[in-house]
Amino acid sequence: MSVLVVGGGIAGIQASLDLAESGVKVYLVEKLPVIGGRMSQLDKTFPTNDCAMCILSPKLNEVARHENIEIINNADVVALEGSAGNFKVKIRKRPLYVDREKCTGCGVCATLCPVNAVDEYNEGMNFRSAIFLRYPQAVPKVFAIDKSKCIGCGICYNACVAKAVDYNQKEEIVELNVSSIILAPGGRLFDAKKRGEYGYGIYKNVITSIQFERLLSATGPFEGHVYRSDGKVPKRIAIIQCVGSRDEKTNPYCSSVCCTYATKHAILAKEHIPDVEVHIFAMDVRTFGKGFEEYANRAKKEYGVIYHKARVANIMEKKDGNLLIKYEKDGHSYEEEFDLVVLSIGFEANEELRKYSEIFGIDLNEFGFVLTDSFAPIETSKPGIFVAGVASEPRDIPESVAMASASAAKASEFATERSFAKKEEFPPERNVIGEAPRIGVFVCHCGVNIASTVDVVELAEFAKTLENVVFADHVLFACSADTQEKIKRAINDYELNRIVVAACTPRTHEPLFKRTLMEVGLNPYLFEFVNIREQCSWVHTDRARATEKAKALLSAGVAKAKLLEPLQFVEVEVVKKALIIGGGLAGMVSALELAKQGIESYIVEKESELGGNLRHIYYTIDGKNPQEFLKRLIKEVESNPKIKVFKSSVVESVEGFVGNYKSKIKTPNGVEEVRHGAVIVATGAREYKPKEFNYGHPKVITQVELEERIAKGEVPNSVLMIQCVGSRNEERPYCSRICCQVAIKNALKIKELNPDAEVFVLFRDMRTYGFLEKYYEKASKQGVVFVHYTPENPPKVNVNGEEVEVEFYDEILGENLIAKPELVVLSAATVPNEDNEITSKLLKVPLDANGFFLEAHPKLRPVDFSTEGIFLAGIAHSPRLIPETISLSLASVSRAMTLLSKDKLVMDANKAEVTKERCDACGICVKACPVNAIEIVEFKTRTGVELKASVKKAVCLGCGICSASCPKGAIVVKGFTFDQIKSAVDNLLEVVV
Amino acid sequence: MENPYVPYKAQITEVKDEVKGARPIKTFRIKLVDRDRFDYKSGQGCLVSVFGRGESWFTIANSPTRPDLEFSVLKTGKVTAKLHEMKPGDIVGIRGPLGRAFPLEDWKGMNIVTIGGGIGQTPLRSIYQYVIDKEKDYGDLMIIYGARTSRDLVYKDELFKLIEDGYNVQLSIDNPEKDWKYFVGFVPDNVKRLKPNPKDTIAITCGPPIMIKITLNVLRELGFREDQIYTTLERRMKCGLGKCGKCRIESYYVCKDGPVFNYAELSAMLEKV
Amino acid sequence: MNEIEKIKDALKSSNAEKIVAFVRKESEPREVLKVLSPNEVDKISFSPLSLNNPAKLLMQINGKVAVVAKGCDSMAIRQLIKEGKLKRENLFIVGISCKGVVDYRKLAKFVNLSEVNDVELNGNDLVLKLKNGEKRIPFLEVVDENCLYCGHPTPVIYDVLIGEPREGKRDFSDIEQFERLSREERWNYWISQFERCIRCHACRSVCPLCYCEECMVDPSNLAVSPMSTPEEKASYPRILGKTVNARDNTIYHLLRVLHHAGRCVGCGECERACPMELPLRMLERKLEKVVVEIFGYDLNEDIPFFSKLDIVGD
Amino acid sequence: MKIVTFACNWCSYAGADLAGVSRLKYPEDVRIVRVMCSGMVNPAWILRAFRQGADGVVITGCHPGDCHYMVGNYYAKKRYLLLKELMKFVGFEDERLKLLWASASEGKKFAEEMDSFKKLIEQLGEQKQLRWTP
Amino acid sequence: MIYEGEFLKDAISKLLADGYRVFAPSRVGDFHVFREISSAEEADFNYILPRNSAKVAVFPQNEILIEYGDWIERVPMEEKRIAIVGVRACDAKAIKLLDKHFLEGFVDPYYKSRREKLLTIAIACNNALINCFCQSLGINPRKPEADVVVSEIDGRVFVSADTEIGKSFLQGFNLRNENEEELEIKKRFESEELKMREIRVDVEKLKKSFDSPYWKEVAINCKSCGVCTYLCPTCFCFDIYDEGEKRGVRIRTWDSCQFPLHTLESSSHNPRAEKWQRLRNRFYDKFYYTLRKGNYYCVGCGRCIDFCPAGIDIVNAISEVR
């Protein structure tokens, strides 16, 4: 059976890929003609400033190529019948007026179309044609006619060589049987016009954050240059937060992402316009995610971004287009002039959710988002239908991606059959050994991206003069589908056996071209990428010199290509079991989910009982009972035949590699050896034991301790809570994310049990993100007093015998106050586990600067490690709440399933290899290898036995440390051999400028 | 030759695939540019020069009675790999003729048996072409030739044509193959089977060392004297002029004093080859 | 019992199948390494003219072998054991606490070598037993300069030790002095040295650590095996041509020395073998200085220099 | 001027890409060779580059601790220091060899460092010390 | 004839003035090397034998044969006259042997271009080194074969010329004829043998012991380096290779039969794969194979013995063959 994924944004994409990779057939329904969602509009992503398109585009292509994914674009679900495991859905496919099979994506139609329509992708800041592709890297790369704009002139119809334009295309209804559904339609952005006082839509230089994002983007309206409406480069930019969020009149909840993206916008503005001044106006700076606080600190310290803890009252436009901003800060009013205002608009529930709630029969919450449960954050109210991404609450990309993976795990519970692409799909590989290199070169214009700086025509001509090049051509977009066909044709027509593409960075499109090679029976490793965009046309201006450099780069690429060899993928058998380190919430959720997917697992818990931190949580902010939940979980885990729990045990050693580990577990009953294919790290974290504020005094306790007391019925009469204890300081620069929520949870509980109790909260920024904001509101309304403090002027806790008093500065009153509460409660940081370092060494996986585990990529691979086969679950990743922990744990299962569902794993072939004839078995490489992938082995020869180095292919990462260590070049990394690089270097130097 | 290190400019006029696969062989036909072909005799070689890569020795594969120069190249190293990439019209350098030829003049009136294996057929081709072109000067001609598989046979078309024309051509391959009409087995076995008569006969054998060794024994058993048996030797060669010392065996420079030797000469050497 | 008798006794007690030791050359007072059978033990000789390092010779010999080793020789043997090229259990090492060896070329300046019958170290003097009479030369004047900086005069690995252990030292004063020269002076000095190099590769051939069968600087048109493809051969590392010029020679020597980082045992064979008397040890010692001073690595450590990751230098 | 830059696939190459995405400018003389890890850069390649006429060579890699392969950049640093010290010792203009840590997000740093390296090399002039001439 | 003064230095000055390229022993540290000099001061004659042989003047270690681009662009030839000053009898004899090799059969034009313009000025030996053995090979160290021969006997400088080129060169010098006594001194000097080692070459025995295990024994410590052959004045093996893919030079460089790569064929077959085979080849080449050319190709200079890092001794090896 198959799964229906509704929505082709990053959440839908990730869910589809996880499902497809674990062998489940996926129908991906997207309402627009192309997938990519909101992320495709982003320029960079926080907190690494990775180029959004660079990391998204490989995923888009993967979706487009995956044999288990069928994209149904320009379509909506119109009806649903049946129940979990057996749904019948009706999908309406709206006409594209272009034949998907015939369109090559060449774009000639769009250049000829006489219509100028507003470009939604660029948020209305420029125009597109009526026949259009939303953005250049879009998938599927098929043009579509916007019938509402089309004047029916017939130019495109006549221009299309492929005869793809079809004005008579009709709507189609498709019926599908699916076993489960993932709802990921994303969110809608707030309409800034609703906040009339900011003048959006009236003042020309007030723009929204998504418009600013497009301005910043290299593919935006001004190719990455930031201009105002009048073409001036702004020198003073104001960014106004909470536009359409935390606002009683519009949306009372917090949109969670705006503070960090505003920080990003500020940094990027500084990078684009070095002398620009950027002010951010926010009530609280909510940079609570992993690495976000550090990001904001960098913005302040390195980029000089100015944050105002202020509320903007209104904006007035001056005659010159500049804007006067009136704002309130510390009880005073100010007015300041800026030349550009960016409104950080928030998320709203997608308008389609109403429709889906009807069609699918699922419940929505008070804000119109999909209703979920704290202990089942992925499930909707209807079994078999799951939710991912912004559909259930505003969230950022990594959270959405994790949730998408989690939903994939849940959805695949219902998909009983799994199918994998068969190798025979590709034609048999042509044997090129012994053939002289016959190289085909394709030089890409990349529209104007390359062609405007590098003379691509001359470059293609130059390529023809290079040795072994038998074919060279230049193409508008090397990555387009028609170029792929062109490459294939050239390979066949000219008997090419090596392909060189001179285009953008290999980090994006290399897999695409490799696959193209495979489709015509050429080994994918006979491909070489030459980067003439990011590392040539984009960084140079002098056309002649840039062209010369491109020639050198191309000549080096061709020289390397000459020496490329066909390589075979490395295949490894998979042991379909998992080792889970840590038996807390994350570990147990992971194990149970794995069991549901039919995978056995071993939980290793160092304590004598399961449960971890959850054992100390007695109530949730939304009134659920975690202890009951925990009991149920433990019972399920301990009675599940597919789960084996080792309590009071530690993992002693982990040997092997992805798909094939052998580990020793030290248990009270001796050492047990287990074999498994994957590892999930769910070691958790713990509450910080404060050193500050006289902690240790009986009246100074932490939030966890307070909760324990309240649970026992000891409700205090007056409490003063201090936030950010041990977080956001020099030692621990990160935000612990959960403490604001815990403080409010406990405050509300105290108020509930003892309405007369006095509760003070001293805070720096209240970070009650998402729907938590409503509890913040509630607490305020119930009389909890929130007082802001700054790190420069922190509260003092003075101990006087049994008594404590707290001295703090009140900004509004402008004076120091003294409180004598019954209890001082410290919202202590969440800190990494002490033994993280041991685990990190054991598994050879890295920790981040704060001591939490470091994922492979903070944006799109939140639960993977860069070492394949090892995954990350729960708060070992970073501090988070129960639903987030569950989501992250399910995500790790989903990621693990992409591997454990397979019998065999196919790995990249760029591994080290020993040329035995040259090896002297000196062992220098053996000792140098960071993953112990090399061993000295006896080889039988005709004359006896010889010792030689030998590489364990499945372990080898292909880093090449060995190859540089070998004094005779006997060990090389395939694809980066001694001579390939040497040859490239030689040729790089031979072209004379 | 004024400066024997400086090659003549030559142009490839034809390239023929003889054997494909991992160890391919191609035959090149070349024409000297700006001058006539130099005089040479069967068994002599030339050094083909590819600037940037170096020079390689090839025995001239066609008879001086035929036009142009031909040589067959097994792809093994840098120069040969480059040659394999070349096409008609490309320029190479050529130095020659080099080395000692077969004493074909002395063999007039004798029967000729050529026994070849693999690419070792090259010098033998030059001989049989010569003998065929000057048929009346010589006695019977027998061409014995074999390779590992039918795909590894070089000059196939020419040999099949000779069979059609009634020449005594005895082909063999090592292992049975479908549609193979000729002998199956090693070349020396084929010689043993065919039993060429040693009387007034010169046997010339060329091929892999092990084949030559066994063939030699077979010929001796059949009654051939050492001075009736000729072969060509292979050594690393650089200058082709008997100067650089690489191809030296004792005081002989294979490039200059060879590559043609008869077995009487070889067995007189201390260093066994 | 004198030194040589002690050595012979030790060798006799070894039960080895072969003996690697020095034997006096007939025509000159030089000692040459030979592989002897146990019954030839009496042929052996040992003196301050026993210059060479036997470690490389040991690699050629199978079975149990007894060897006479000076401090630096034992360093080389230990290094080769570490690198898996020798097996400790196959070796019987007669270690000799070394007082330094003679620089043969220096000695030739003091005396007509053909007159010398025997040499012997007596106190601070080298006593030359001549065909007619005796000659004493202060040892310091003929000692191999390399021995002046010796870090390991006492063998670091042995079965029998002959002579009293003596302390080594770590002295880079000569290197430091050279480093103080201006860049131009340094370059001019080295280029005039490398200019002379004839790339006979004797330095590499005698070096106990240069045991690679094929070297990075060898040419590439080299057959690996009958089955190897042309591409494989063509991909053989080739950094330099065969031409001998100062620049390529510089690269050759730098690259060779780089491969010895944290490995060079300081036996001085390279310099001894060099017919053009290039100061090769200076390069090796500079590298040793870097390894010791910047990285804080000690050659006696079991872990190879490169694999020791807590040292990354500054 | 010719500057050969070895860039590790994970950080520095991405950093160089970022410089491009950000449209930062640096000299055309800088030519990048992609390697998997800075730890893969063989000193022989560097010497070869100088022999073939490179005026400068830059090895770029992930910041210490950031290596995709955990320790590759430590190896790179060791090899770099050894080679650099040796080059300095023989009087080679060792400034021509540079080690640069540049992460995937340091496009700006990459461009700036390349710019200043080019300026330094320009001051030194053409590299003749190891360049091969017949 | 007798010259008053430092003949060699004066000769160099004259040669340089005449536009010759002059090769002479020059001092490096404690030893001498033959190299091209640009002034008389660079030369130093206080030596018995330089480290390298005088063959560098006629057969340099590297030499460009062809400069190429798309096709041959230039074939460089030596244009200047060359003089070797201060050559000993052994090295002088070696040049005659090289002449045989390079000028018989195919004429090597590069060698010829130097050789035909060569002037050799030799010095007679007054002393022998420890490993000299030229006399047993029929060379008189006191009467070198050269264009000009200089003998310093008891403080007197005797200069003689046997060839036309030598005689014409001497015309530019202020020489006086020897008197009777001096003639006698010179005659006695030339007939007196120096005390030196002897090599006993038994060709028959060599022929018989070709396959003897003796050679393996001799070679056990051989390092396969090129010291012996690169220092040898008569070794002539060379290699040719192209430097530069698209444009470059075809270069000839010395090669050594002791390197395993010397004879390695591209088929991977190596006729002399073992070092004892290569060492034996060197010995037989010097004393057996080259007899076909009519000479031993050894001049008894002893360099290969002096500088062999393994202490291999050609005199012992040949004399004691079994």
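A few remarks follow.
Residue numbering begins at 1 within each chain, and the chains themselves are lettered A, B, C, D and E in the order written.
Operating definition for what follows: a residue touches a chain if its C-beta (ideal position, glycine included) is under 8 Å from a C-beta of that chain, and two chains touch if they have at least 3 such contacts.
Treat the numbers as computed from the prediction; the structure is a model and nothing was measured.
Counting hops only between chains that touch, chain C reaches chain E in a minimum of 1. The chains touching chain A as well as chain E are B, C, D.
When you average the Cα atoms of each chain and compare centres, the chain farthest from chain A turns out to be E.
Ranking all chains by how far their C-alpha centres lie from the centre of chain D, first place goes to B. Remark: the per-chain Cα centre closest to the mean position of all protein Cα atoms belongs to D.
Set against one another, A-D and D-E show the most C-beta pairs in contact at A-D. With centres set at the average Cα position, the gap from chain B to chain E is 39 Å. Averaged Cα coordinates give chain B a centre that lies 52 Å from the centre of chain D.
Mean C-alpha positions place chain C and chain D at a centre distance of 35 Å. Averaged C-alpha coordinates put the centre of chain A at 58 Å from the centre of chain C. Contacts with at least two other chains are made by residues 433-434, 467, 928, 965, 969, 978, 982, 986, 990 of chain A.
Touching of two or more other chains is recorded for residues 239, 241, 243, 245-246, 251, 255, 264-267, 269 of chain E. Shown for chain D are the residues in touch with two or more other chains, namely 43-44, 48, 71, 75, 79, 132, 134. Residues 43-44, 47-48, 50-51, 64, 71, 74-75, 77-79, 81-83, 85-93, 129-134 of chain D are the ones touching chain C in the complex.
Within the complex formed with chain B, the chain E residues making contact are 65-66, 68, 70-72, 75, 101-102, 105-110, 207, 210, 236-242, 244-246, 248, 250, 255, 257, 262-267, 269, 271, 281, 284-285, 288-293.
On the side of chain D, the complex with chain A involves touching residues 2, 4, 9, 13-14, 16-26, 28-29, 31-37, 39-45, 48-49, 52-54, 65, 68-72, 75, 79, 104-105, 108, 111.
Across the complex, chain A is touched by residues 83-85, 211-216, 220, 224-225, 228-232, 234-239, 259, 303-304, 306-307 of chain C. Partner chain D is touched in their complex by these residues of chain E: 64, 67, 243, 249, 251.
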